[in-house]
Structure formats: C-alpha cells, structure tokens
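Please go over the structures that come below.
Below, subunit A partners subunit B and then partners subunit C, in two separate complexes.
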Partner chain A sequence: MNRVDGRQKVTGAAKYAAEYELPNLAYGVLVGSTITKGRLTSIDTKTAERAPGVLAVITHLNAPKAPGTKPTGKDPSQPQTVGNALQVFMDDKIRFNDQPIAVVVANTLERARFAARLVKAQYAKEKHQTNLEANKANAFLPTQAKKNPKSPAADYQRGQVDAYKTGALKLESEYVIPTEVHHPMELQAITAHWEAPDRLTLYDKTQGTMATRRDFARQWGLPEENVKVIATYVGGAFGNALHSWPHESAAIIAAKVVNRPVRLMLTREQMFTMVGYRPHTWQKIGMSATPDGKITAITHESIGQTSTYEEFVEATLGQTKMMYQSPNLTTRYRLAALDVGSPIWMRGPGEATGAFALESAMDEMAFLLNIDPMEFRLRNYTDQDPEKNRPWSSKFLKECYQAGAQRVGWNKRQLKPGALRDGEWFIGYGMGVGTFGAHRGSSKASAQLLPNGTVLLQSAVTDIGPGTGTAMTQIAADTLGLAPEKIRFEWGNSDFAQAPTQGGSAIVNTVGPAVQEACMALKDKLRELAATSNSAFTSAKKEDVAFADNYLTLSGNSTARATYADLVRQAGGTAVTVESKPSGEGQKYSMYSFSVHFAEVRVHELTGEVRVSKLVSCADAGTIINEKTAGNQMKGGAVGGIGMALMEHAIIDDRFGRYVTKDLADYHVPVQADSPAIEVFFVNQPDPYVNKLGTKGIGEIATIGVAPAIANAVFNATGKRVRELPITPDKLV
Partner chain B sequence: MATNHEPDVPANHNENRRTFLKQSSLLTALALVPGPVVSAAEAKLDERVAEAIEQIPLSLKVNGKKLKLKVEPRTTLLDLLRENLNLTGTKKGCDYGQCGACTVHVDGQRVNSCLSFAVMHEGQEITTIEGLADGDKLHPMQEAFVKHDGFQCGYCTPGQIMSAVACVREGHAGSEGEIREYMSGNICRCGAYTNIVAAIQDVKSGGQKV
Partner chain C sequence: MNQFQYVRATKPQAAIEAVAKDANARFIAGGTNLVDLMKRGVMTPQKLVDINRLDFRKIERQNNGLRIGALALNSTVADDKQVRERQPLLALALNAGASPQLRNMATVGGNMLQRTRCAYFYDVTMPCNKRQPGTGCGALEGINRMHAIFGFSDKCIAVHPSDMSVALVALDATVQVSGPKGNRSIPFADFHRLPGDTPEKDTNLEPGELITAVDVPDGPFTKHVHYQKVRERASYAFALLSVAAALDIENGTIKAARLAMGGVAHKPWRLTAAEQVLVGKPATEETFRQAATVAMQGAKSFKHNEYKLRLGPNAIVQALKTAAAA
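Showing the complex of A and B:
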C-alpha cells in the first residue's frame, strides 16, 4: 500500500512547522554568543531596535520570565536527564558557543536577519572545556546510576570483574566515535501564536505533540488544555526533536512580547550548536575467548560527552550485556561534562555507538581466532537473555544471518584480508549485528463512524517519516474489514487522543494496538446500536458485522441492514476512545528487535577511497505492517550507517569552543552517489508477546550495526582496522 | 553567524539615515525594549523612505501566472516563494545551495532558489512543485515517487522531484549510475535514495512526456 500522505508530499501541499499562514506574522532571528563560557557584561541592542521593521529585541535584560521556568540545570524532577534544559534569556551566563543571547523580531525575515547582525555583546570570558579526550579523567558515574544501582547506566557485572585480563586469548581495543549531528532536511522551526493571553498554539517541529505541550504549559504556568501543539508534517528528525530547545522558548517569548504570531527557523549552522547531536564517545573493549571460539569475558567501558547543565544518558552498553553468551561481563558507563550544548538521542541512539565497538571487537576476535566472523557469532549465540536470565519473546537472528550471508555473497569472503581485488580496488565483506528493545508504552486512540461510511481515527502521535499514518490506516482497515480509502487517520495534534512521543522504535508497538482496540470498540458500539434498532442484529456477534458502502451487514443474514446515517443519528455520534496498555509479559520475557547488516566494500589501493558497493540489511522486527514503508525505513537506516561509518564528523576548534563544520559542505552526509544497492530482508514472524499485532519496531535496528559492518568490511579488504570513525581515506593510505 | 561578522557601518548609521517607530499597536512591546522613543511623524516618513529604497519592482511568471511584485533586493528567490507568495512547497534546507531542497525550474533549468536573489529573475519563468501537476492529475514523476515510495518525511521531496524531472529532460537518466551522479545535489537524510532512483528509472522507461 502506498503512503496515505504521498499526494500531499509530492505536490508540496504538506505543511511543515514554518509554513502555516497566520495573520500579522512576524519573524524571529536568534543572535548567538561568540564565546563558549563566561558572562554577558553588556549587550547593545539600540541599533538593532532602530533598524526598519524591527518590533522587538529581546535579551535576558528584558525578556518576560515564564512563571514555571526552572533555572538552567536546577530541575532534578526532569525525568529523562538529570539537570534542566537551557532556559533561554534567563540569565547572563554563557554555557556554550552560539548559545542564544537575543532574539530579534521584525515584520519580515530579511529585516529580522539584518537587525540580528547589529546586536553587539561584550563578555567576561572564562576558560572553557570542549575536548572529550582531555576531559576523560573527569568523567563521572551518571547521577541516575548513583541514585539507583539498577539503572541501565549503572555498572553491570556478571561472573568475575574484568575477567578478560586473565584470559589466554584476549584483545583490548579502544574505539571512538565523533560528534554526529542529526541534520534532518527540515531545519528546526516553530511558529508560536498566543491566541489569547493564556492560550498558546504552536506549529512546531517536534516528535511529541503531548511532550511539547506539557513542557510549555509547565513553563508558562498554563493548564495543558490551553496549549495546542500541531506537528502534522515533520521534515525528518532522527531524535533531534525529542527535546524542547532554546529556540522554541525564544519564539514563544517573542510572540508574547510583540503580541503577534512569530515564525522562527534555525539556520543550518545553528543546527550544530543548540538542538542536540550524537555525543562524541570513547569506548574500550577487553575480550577473551577459548581457542574454539567461545567468549569467556567481555569488559566494555564508555565515556560520552554531555553538557554542563544536563546529564544526557544513553544505552551505549546495552547490546553488550545481552547479545553474546559471555559468562563474565563488566560494563562501566561514564559521562564527561563539557561546555557544549546538550546531546540528544540520534537514530539507534547509544546502541549504534556501542555496537560499533562491540561488533568491531567481535570481528577482531574472530580474526585472532582465524574463524569466520559469522561462525564466531553463532558459537556465542544466546538462546535466552543472559542479562536478565529470561527467555526472548522471539528471536530469529540466525535466520537473518543466513538470509543476509546468502544475499551478500558471504561465501566469496576470504579469511585473509586483502585477498580479493578488482583492478586497483580491494574488495572486502563485513557484518555487524544490531538490537533494540521492543518497547511498548500506553496510548489512546479515538475512532468514529461518519454518516458517509468512512471511519475517522485520531491520535496525537507524529509521523516524522516512517509512515505512521499509513501503518495505522492499514491496521484500522484490517481490523474493521474496510478498504483503506474508507479510513482517515489524523495525527500530529496534541488535542487528539493521547499518544507517546515518536521515538525508540515504539510507535507501531504502542499506538498500533490502540488503533486496533479502538476499531474493535467501534465495531462493538455499532453492533450494539444496530441491535437496539434492528432485531436482526440483536444477538449478532461482532465478527459477523461487516461494512458495506452505506450500511452494516451481517454474515449469514443477507437482508440485515443498518444504515450508517441512522446509526450516527440515533446515537448522536459514534465516537469511541480507548486506552491500550502493555500486558505484564514484559516481566516474563526479554523483548528485542534484531538486525544484521552485511556490507561489501571496495577500497582504492592508492587513494584509500571507500565505496560501499552493496548492503544487505536483515531484520527480525516481528510482523511487518507495510513492506514498502518498512523496507524504505530499513534502507534509510543503512544510508545513515554509511554516513556514520565513512563521513559524519562534527569538529570543534577547541581553542574557541566553536564548530568549524558549519554547513553541509563541511559536515558530509551521504548523497545519492554514496548510496549503493541496498537489499532488505524481513523475517516477518509475529512476536507473540509484545502486542497482538506481533510487531517489534524497525527504526533503530535499521542503523545499529551498519557502521561496524562497513568498518569490518574495510578491514577484510585492506587489513587496516580503523577504530575511530569516520573511516576517511587518510586513515587508509 | 549573527555577531561573528560585525557589519562595517558607523554606529549611528541608522539613526542618521532615519529613525523608526513601531506601529501604535506595538507600543506595549516597545515599552519592554530599552531605547529612545521617537515621534510618530518622523517614523511614518522614515518608513516611506525605507519602502522606496527597499522595494524594487519585479515582473516574473510563477507556475504560469504573471506577477508584478515589489520586493526587497536582498530577498532570495526561495524566500520570495515561501514567505511572500506562500508557495511553501519549495523547501529551505540550508540556504547555501548545498542540499537541493529548494530546487525549482527557472526557464526550464533546475536551480537552487536559495542561491539567487528574486530581483535577478526579472522576466523569467519559474516553475515550483505546485506548478508541476496538471490540475488534479499528478505529473508522471510525482506518480512514480508515490508508487516507489521515493521519500519518507517528504521535506526534500519537492526538490528531488523538480531535480528528477530536469534530470530526465537533460538526458542524464540513462543508467542507475548516471542518475545517482546527477541527483547528488539533492540530499535525502531519510535515505530514500534507492527508491528515488527506481522512480526516475520508471518514468524514464515509461516513455511519458516529462
């Protein structure tokens, strides 16, 4: 089935956050600090204020203080991170380079942009720290782990501590990934509109309409129902819109001050500095094994970068704890706080970082043992979760190995690196495994039958690109036995039925069952309504009720009819809203999606250029609702993995604490010519426990494991092991 | 970035040229802003001066429609389309000609609309994504993008489609490799590249007029 919003997207009719036409619209442009740490000693806004068309210049000196604002870094009640997001224009303190110090509001974009250049600031500079390597010694255990030893970020131990050190056959390697930036094609943008002094509407680039509503309602001391967040179309996000950022607050403040709707879109430079990134992370793996290829111990340590005002924690070491059967296992996760903006989850968040180290180390150990890397993984395969000692809810990873190996031509792979070549190009093959929790939260969905025989479903969930709207339409159509054209699924509005933030591959797992149950409840309701007015339906079973063009029918009774118009009139509406929650199975089973990626690379012997010539991505993600959109998502994750492996690298000049990569000419992401033929394989076996649909989630496992597959293929092609991403030609020649 | 390159103008440049007053409805806002209050009479005069200096007449054709406009010389073609004409199908992804999201056709050639000023297009014919379909009937390239799922979030899509149409018209859609090369100016961060190639190949081999 094609995407339900395809026509909107190919005709330019889809409206994104900065594209809503509002009367009397004004434009906001941010001014950023030019130092990295210190205080603002003065800020001269006079010239900017007098520039044509300028409505206001707002700084910490004159910004209205939202009543619910907690000072930066001082709100330990924040659930996901310790600390508190940067509160814009609250004080004179500079915490990172390009931190917003003013917003200029004018009646046109050009005038706002010009006037923003006229704001002049003086600073008292302090010495800053932006280099992870230089600050590793100051790394600390995250506060959440200190408070709760059972936190996933706490040190983990099974068997002996650091047992690999006494192993006969062992390796010890360090791995580094640089800061990577989400860079969705849509720049971060918001249109803020105070419809009344206590009613706020936001057209926002967010992955969670309800989370954004909650944040800003709290910030402004408003009841949640007074804040409406609309995010019908989100131009990619990849985690970048999982947090409320300074520019959103700035636009809301600006709209308050000028009493007009304000549109604010970041520049590509600003996308580096103030809206999160995958953090620069150092890792070390120690591993020991028996000569016949059984892992005896793994120690995996990690230090990730965070900001000085928020402790950003991710599951870098999660895959190591459960993927392979190692009797001795130690993990240590630490953070280093630097004078930078806060990181935020980026596709396949910590797991993609961790998998680069773990899956590279697996390849290194297989090489040491002179065993095929797939065979080595099979010898350490886990039939139950070794971390929690519970069975898997489902696991078809072996099937993925076999399907992928066959499709990529793994039998051509030589154990000895550099053995295959085609003219000046070395050819190599590598694999990398990925996993991500099959998370399911609770969600509501509403459904109603309209007099014209169509069914309208609504959910506050966003669709940042995976095709949520399409999958939900299909689930509803299947449940109701209606053609998808008869279903309208509306999303991306905080006024709709409650749904979680789109992220963590959890949306089909979570919202899918709510849609399914809402449709079943709707059918129940229709049957009951029909039963009161039509005796043929009185004792009918709901599965016998079917939809025709204008009326309900009953199987086994060809004359039974209840017209939609009558039912709707009779009941004064047919709307049902249900809430769907996970069952307790999560306590009995370990629930994960699994993937394996196989890469074929060609490395030029003289220039060190790496071309990924083939990628095969195989997933055990439970039931696949829509092969077309799911396949697209898998391919997209693989392309993201190519970027991670070969090009993405945000570089700070530590002397100034400022990014030198400021645009897409300096920060490279894969383009069309970097994308090889990508083949996708889904096991497509339902998981019996996550939900009734049998789904497990795709978004993260599409990327997790791709980068090490490429790095391992480069080693197989050249004999060069690159442990610091990206694998640029200088590291190979 | 804003304060990185201070404009090389005297500090009192704007004061001397003109002073400026906000509309009366904005006086509340103004009260929050430090700075001298200026008289209404001066301001209205000043705004008229600004209008005269900042607004340049421009005639062009957009999606077949002749337009007579007054635009600021510093307004890019992209911002003219998005902010002044409400043709938001053309997307802003970088403002530096690096991503291709703003691709439109100018006199039949694909260009990054962020890289030129609107006033440079006097008398020219602009086609945007909104002008590609024939009424309700989608252009074959639009159809093919839907059929092959050549997008995910949809943000780069208008630029991809405008580029893809030009790619076929230019005769650069001869092979998968050639398409990949000639479509590399249009970044898709969702990574729908393979499906985009499939869509273009479908149109190319379908023989329909593009």
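Showing the complex of A and C:
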C-alpha cells in the first residue's frame, strides 16, 4: 500500500507549521545572545522598534510572564530531566551562546529580520565551559540515579566489578562521538494564535500534540481543553520535536503581546544552538574474553554532555547490559554540564551512541581473538535477557545475521585487514548490531461510519514521516475488511482521541492496537445498531459484519442488509472511542526489537575517502505492517547512520562558545551520492506478547548499529581503527 | 538583510560607472554567494547593480583559444561542446563544484569572485581581518582544519573556495576586465591575491572593474587531465583540498604538464616547480611522487590541518596517475 499522504507531500498540498495563512498574521524573528555565559546588562531595542512594520520587540524587560512557567518535570512524554527547561525572556541570565534574548515581531518576515539586526545588547561576560574533554573530571552521576538506584542511568553491576582487568585476553578502548545536530528538512517552526484571551491554538512542529498541549496549558495556567495543538504534517523530526523549545514560548508570548497570530520559524543557524542535538559523548570499554571467544567481562563507561540547566539522560549503556552473555558486567553513566543548550534525543538516541562503542569493541575483540566477528557474536549470543533474567518475548537476531551476511557477501570478508582491493580502493566488510525496547504505552483512537460508507478514524498521534497514517489506515482496512480508500485516518490534532508522543519506536506498537480495537468496537456497534431494524444482525458475530457499497451485510447471509445512511441516523451517530493499554506481559518477558547492519566500504588508498558501497539492514521488528513504509524507514535510518559514521560533526570554537559549523555547507549530512542502494530484510515474525498485531518497532534499530558497522568495515579495509567519529579522510590519510 | 537599492544595468559602461562612483555598490550576477553573505550581514552593500542583462554569456573561439563570457553559467560552460573538447579539465573542475542547482545560477565571473568559506569570516560576532580589518584572524588559533598551508599571513589563513579557478590557473587563462579607465587583461595567476597585510582584498580588481570574459588558450591538454577533489562527502562539499592536473604525454614521456591546487591557499595555487619536475620524465608513479614532494615544499600547517601535508602529495599523485591513465 502506498503512502496515504504521498500525493499531498509531493504536490506541496501538505501544510506544515509555518504554512498556515491566518488573517492578520505577524512574523517573529529571534535575536540570540552573542556571548556564552553571563548577564545582559542592557538591551537597546529603540532603533528596532522604530523600523518599518515592527509591532513589538520583546525582551526579558517587557515580556509578559506566563503564570505557570515552572515546569513540573513530571510529564512522562518529556525527557526525564532534572532542572528546568529554558524559559525565554524570564531573566537577564545567559546560559549558552545564541540563547534568545529578544523576539522582534513585524508585519512581514523581511521587516522582522531586518529589525532583529538592530537590537543591540551589552553583556557582563563570565568564563564559560563548552569543552567536554576539559570537563570530564567534573562529570557527575545523574540526579535521577542518585535518587533511585534502580534507574537505568544508575551504575549497573552483575558479577564482579571491572572484572575485565584481570582477564587473560583483554582490551581497553575509548570512543568519542561529537555533537550531532538535528537538521530535518522542515525547520523548527510554530504559528501561535490566541483565539481568545484564554484560548490558544498552536500549529506546531511537534512529535506530541498532547504533550505540547499539556506543557503550554500548564505554562499559561489554562485548562488543557483551551489549548489546541495541530501538527498534521511534520517534515521530519527524529527527536528534535520531543521537547518544548524557547522559540515556541517566544511565539506564544509574541502573539499575546501583539494580539495577532505569530509565525516563527528558526533559521538553519539557529537549529544548531537552541533545539537540542545528540550530545557529544566520551565512552570507554574494557572487555575480556577466553581464547575460544567467550566474553568474560565488560565494563562500559560513558560521559555525555548536558546543559547547566537540565540534566539530559539517555540510555547509552542499555545495549551493553543485555546484548551479550557476559557474566561480569559493569556500567557507569555520567554527565558533564556545559554552557550549551540542552541536548535532546536523536534517532536511535543514546543506544546508537552506545552501540558505536560496544559494537566497535566487539570487532576489536574478534580481531584480537582472530575470530570472524559474526562468529564471535554468535558465541556470545543470549537466548534470554542476561540483565533481567527473563525470556525474550521474541528474538530472531540469528536469522538476521544469516540473511545479512548472505546479502552483503560476508564470505568475501578476510580476517586480515587490507587484504581486499579493487584498484586504488581498499574494500572492507563490517557489521554492527542494534537493539531497542519494544515499548508500548496506552493510546486512544476513535472510529465512526459516515453516511457515504467511509470510516473516519482519529487519533492525536503525529506522523513525523515514518508513515504512521498509512500504517494505521492499513490496520483499519485489515480489521474492518474494508478497502483502504474507504478509510480516512486523521491525526496530528490534540482534539482527537488521546495518543502518546511519536517517539521511541513505539507508535505502531501503541496506537496500532487502539486503531485495531476501535475498528472492532465500531463493527460491534454497527452490528448492534443494525440489529434494531434487522434481526439477522442480532445474533451475528462482529467478525461476520461486512461492508458492501451502500450497506452493511453479513458474510454468509446475502439478504441481511443495513444501509449506511440508516445506521448513521440511528442513535445519533456511530462514533466509538476506545483506549488500548499494554497487558502485563512486559513483566514476564523482555521485549526488544533487534537489528544487524552489514556494510561494505571502499577506502581510497591515497585520499582516505570512504564510500559505503553496500549496506544491508536486517531487522527483527515483529510483524511488518507495511513493507514499503517500513523499508523506507529502515533506509532512512541507515542513511542517518552513514552521516553519523562519516560526516556529522558540529564543532564549537571553545574560545567563543560558538559553533563554527553553522549551515549545511559546513555541517555535512549524506547526499544521495553517499548512499548506496540499501537492502532491507525483515524477519517479519509476529511477537506474541507486545500486542495483538505482533509488532515491535523499527525507528531506532534502523540507525542503531549502522555507524559501528561502517567503522568496522573501514578497519577491515585499512587496518585503521577510528574510535572518534566521524571517519573523515584526514583520519585515514 | 539590510535595505539596499537595486539597479538593473543594460549597458556595461553604465554598470561600471554605477559601481565605480559608489564604494558601497556591488555587481550582482547569479548571487549564489553574495545573497548568502548579505543575509548574514557579512556584506552590506547599499546598492546592487544587476549585470545579468549584459551580453557576456557567449562561449566562442577567438585567437587560438576559447573566450568564455563572464556571465556564462557554470553548468553551461561545463556542458559546452568546445569546452569539453578543448579544455576538459575546466569542465571537470566546474562539475566538481557546488550542486547542479547552484551551477545553474552561478556565473564564471561570480565563481572567481567567491568569498572564502572561513567560518570566522561568516560570523559577524567573531574576529576576522578579511571582513573587518584590524579585528584579528579567528582561524589562526581557532578551528582551522579547512585552512591554508601555503601563502598565508598572520592576518589571514583563509582559502579560496573555487574549483573552477584551480583549473583556470593551471590552464594559463587570462581575465578580461573592463573598468572606468578602459579595458585590460590580467593573467589568471595574478587575478587573486595572497592575504599579506590586506586580506580584505581578495583580487587585484580596481573599484568598478567588471570581468567581461575569461580567455583560455588552446593547448595540448585535451586528453590526460584530471581534477581530483578530496571532500568529506561525495558531492556538494568544499574541498579539503583539490588538484588540477594536465599532462601532454608522448610515448610515455611527459612533454608538458600543468598542476595547481585548491583549498590550500588564499588563491588557486599553481605548482610551477612541480610542473618542471614532470617535464621530460616518464609518466610513472615515481615521477609523480617526486613532483608531489617538490609541490609541497614550503607548506606549513596549523593545529587542525596538519593532515593536508599528508593528503596534499597523495592527492597530487592520484591526480597525475588518473590524468596519465585518461
């Protein structure tokens, strides 16, 4: 089945957050701090205020203070941080470079942009810290781990502490990933509209309409139903829209001040500084093994960068705890607070960071043992979860290994690096494994039959690009026995049936069952309604209810009919809303999706350029609802992994605390020519426990493990082990 | 963006006068660089004189060479039959630059006048002698992995970003210029400047002077040519460094050679001493390695671009090998 919104997207009919043309629309442009830490001593807005078309210049001196601006930090859909998200225009304190210090509002974008240049600020500078390496000594255990020793961020131990140190065969390696910045095609944008003094509508780039509604309702002291969040189309997000950011608050404040709807879209340059990123992270792995390739101990430590005002925590060490059968295992997760904007999850999030270290170390150990890296992984394969000592709900990773190895041509791989060449190009093969929890939350969905025989489904969930709308339409079509063209699934509106934030690979797992159950409930309701006028329906099973062109019928009973128009007229409509919740199986089984990525790379002997010539991504993600969109999601994740491995690198000049990579010419992401034809393989076996659909989730495992697969292939090609990403030519030449 | 006046010139003389008499006026053609710089406040001209209507788009045979109009589009030149036949190195260099969308807008003259991509030049809050003389060079002690290894000064270590210009300097092109004092020709190698004490001056153009054409003389370099661009992704990235190589080989012996590098200096960097090493020698890897060693003499690196000292000679060898095999 094709994407239900494909046509809208390619014809430009799809409307994004900055494309809603509201009457009397005004435009906001942010002015950022040019220092990294300190205080604003004065801010001169007079010239800007007098510029043509300017409606307001808002700073901490004149901004209305939202009554509820102290966040509770309790919202489960927001990052589990300690501290407060940055509140714009609350005080004179500068916490990071380019922190918004003013928003200029004008009647055209160009005028707002011009006037924004005229705002002049004076600062009292303080010494700042933006260098992770220099601040490793100040790293600390996250507060959530201090408070709760069972927190995933707490130190983990099984067997003996740091047992690798006494191992006969051991390695100790440090790995670094730089800051990687979110650059989805659609920039961060919002159109804020106070429809009444106590009614706020937001057209927003967000991954969670409910979360955004809750957050801003709380900030402005409004009942949640007074805030409406619309995010019908989201032009890629990857975690970038999992947090409420300063520009959203700025637009809402601006709309309040000028009493007009205000559109505010960030520039590419601003995307680097104030809307999150994959944090710069240092890791160290110690590993020991027996000569026959059994891992005896792993110690995995990590220090991730966070801001001074929020503790951003992610599951960097999660995969290490459960992927391989190591009797002794130690993890230590720490944070270093720097004078930078807060990080946020980026696809695969911490697990992708951690997998770079773990899967590189696996390759290093296999090399040390002179064992094929796939064989080494098989010797340490886990048939049950060694962390929680529970069975897996399902695990078909071995099948993925086999399928991927065959497709990439793993048999051509030589144990000795540098052994394969094609003219001036060294050829190498590498693999990397990924895993991510098959999370499922609670969600609602509503369904109703319309007089024309179409079924309308609604859910507040967003579709940030993976094809959620398409998958849900397909689930509904399959459940109802109705052609997909007869189904309209509407999403991305906080007024719809409540659904969680799109993220953590959990949406098909979570909203899918809600859609499925809503469709079943609808069938049952229709059967009941039909029974009032046609007794044939009274004793029928809902499974037998079938949809003909103009009427409902029963399979095996050609005379039973109930026209749609009649059904809709009855009982004031057919709408049903259901809530679907996870069962308790999560306590008995460990639920994970698994992936393995195989890369073939070519490295030029003289220039050190790396080209990924083949990439095979294999996933055990349970049932695949739609091969086309799921395959597309895997490919997108793999391209993200190519960027992570070979080019993404946001660089700060620590003297100034400012990024020197400020646009997509300096900050490289893969172009088409960097991506080979990516082959995708799905095991496509249902998981019996996550939900009735059998799904486990794809989004994260598509990226987790790709970067180490490429790094390992580069080692196999050249004998050079690059432990600090990205692998640019300067590191190989 | 600052407010500015926009004038569309229909005659060269009018355009030249408009810019010559107003220090804050600039020519605009494709605008692929200037508009970006204006959006960031790096350049703040108060008047733009649009020269796109001027009749400088032709590519024609003239005096044993090709005369390429200053307003010919990068994509047009790269696809031009005569250019591909007579100066394939130029076509290769053009196609290595930017993206198809940009090449469809950018002109030959504009390509030559690109400003550096140094991050300190682009950020108006940072020191940069090129943007604001006297403020210092941010890159000198800063992030300088993209920066110069030849011909820099303590005032500026930026590099020129053009690929096309690397081929043109190798091919002994001449720049035709029209100005308030009349017409003149500038050898391509003298067109761009080294930073010295005046890094704010990229070229030797006088105020109001307008590039009208570039002449590329016919030569023997119709077969054994290569443009080796080393970059961090397969397309749409500025060069870590690049090499333009052209050889005339007869019976395995090099009769004539041209060699230039990009991404290593404030101007496209012609390697005449290395060319001399090549001439008369067999077209072998050993010869190429000797030339590369000579080419890199005098190179000096900074904190983050030490790799260029290793990559440079390798890229030269690779360019020459590929050219010889072409």
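Quick note on the criterion: the second predicted complex is superposed on the first by the 724 of 733 C-alpha atoms of A that agree within 3 Å, B and C clash if a C-alpha of one lies under 4 Å from a C-alpha of the other, contacts with A are read in each partner's own complex, and residues count from 1 in each chain.
FYI, a contact is a pair of C-beta atoms (placed from the backbone, for glycine too) under 8 Å apart; a residue touches a chain by one contact, two chains touch by 3 or more.
These numbers come from a predicted model, not from an experiment.
Student: Of the two partner chains, subunit B (first) and subunit C (second), which one does A:393 touch, if any: first, second, both, or neither?
Tutor: In the superposition, A:393 contacts neither subunit B nor subunit C.
Student: Scan A:117 for contacts with subunit B and subunit C and give back first, second, both or neither.
Tutor: The answer is both, since A:117 touches subunit B and subunit C.
Student: Scan A:240 for contacts with subunit B and subunit C and give back first, second, both or neither.
Tutor: In the superposition, A:240 contacts neither subunit B nor subunit C.
Student: Identify the partner contact of A:207: answer first if only subunit B is touched, second if only subunit C is, both if each is, neither if none is.
Tutor: After superposing on A, A:207 lies clear of both subunit B and subunit C.
Student: Contact-wise, after the overlay, does A:646 reach subunit B, subunit C, both or neither (first, second, both, neither)?
Tutor: It touches subunit C, and subunit B stays clear.
Student: After lining up the shared chain so the two structures overlap, which partner does A:665 touch, if you call subunit B first and subunit C second: first, second, both or neither?
Tutor: A:665 contacts both subunit B and subunit C.
Student: Using the touch criterion from the header, give the chain among subunit B and subunit C with more contacted residues in subunit A.
Tutor: B
Student: For A:673, select first, second, both or neither according to whether it touches subunit B, subunit C, the two together, or no partner.
Tutor: Touch status of A:673: both partners.
Student: Mind working out whether A:29 is in touch with subunit B, subunit C, both or neither, as first, second, both or neither?
Tutor: first
Student: Which partner does A:187 reach: the first (subunit B), the second (subunit C), both, or neither?
Tutor: In the superposition, A:187 touches subunit B alone.
Student: What residues on subunit A does subunit C touch that subunit B touches too?
Tutor: Overlap of subunit B and subunit C footprints on subunit A: residues 34, 110, 114, 117, 665, 670-673.
Student: Please give the residue numbers of subunit A that touch subunit B in the complex, ascending.
Tutor: That would be residues 2-3, 5-16, 18-19, 21, 29-34, 45-47, 49-58, 61-62, 64, 98, 108-110, 114, 116-121, 182-187, 233-238, 257-259, 265, 267-270, 464-467, 628-629, 631-633, 635-640, 663-665, 669-673, 675, 677-678 of subunit A.
Student: Which residues, counting only subunit C, touch subunit A once they are in their complex?
Tutor: 1-3, 41, 117, 119-120, 122-123, 125-126, 138, 141-143, 145, 228, 230-238, 240, 307, 310-311, 314-315, 317-318
Student: Per the contact definition, I'd like the list of subunit A residues that touch subunit C in the complex.
Tutor: It comes out as residues 34, 110, 113-114, 117, 424, 604, 606-609, 611, 646-647, 651, 653, 655-656, 658, 660-662, 665-666, 668, 670-674, 726, 728-731, 733.
Student: Which residues of subunit B touch subunit A in their complex?
Tutor: Residues 1-7, 11, 13-15, 18-20, 22, 25-26, 28-30, 32-35, 38, 46-47, 50, 54, 72, 74-75, 79, 82-83, 86-96, 98-99, 101, 128-130, 132-133, 138, 142, 145-147, 149, 151-158, 161, 179-181, 183-197.
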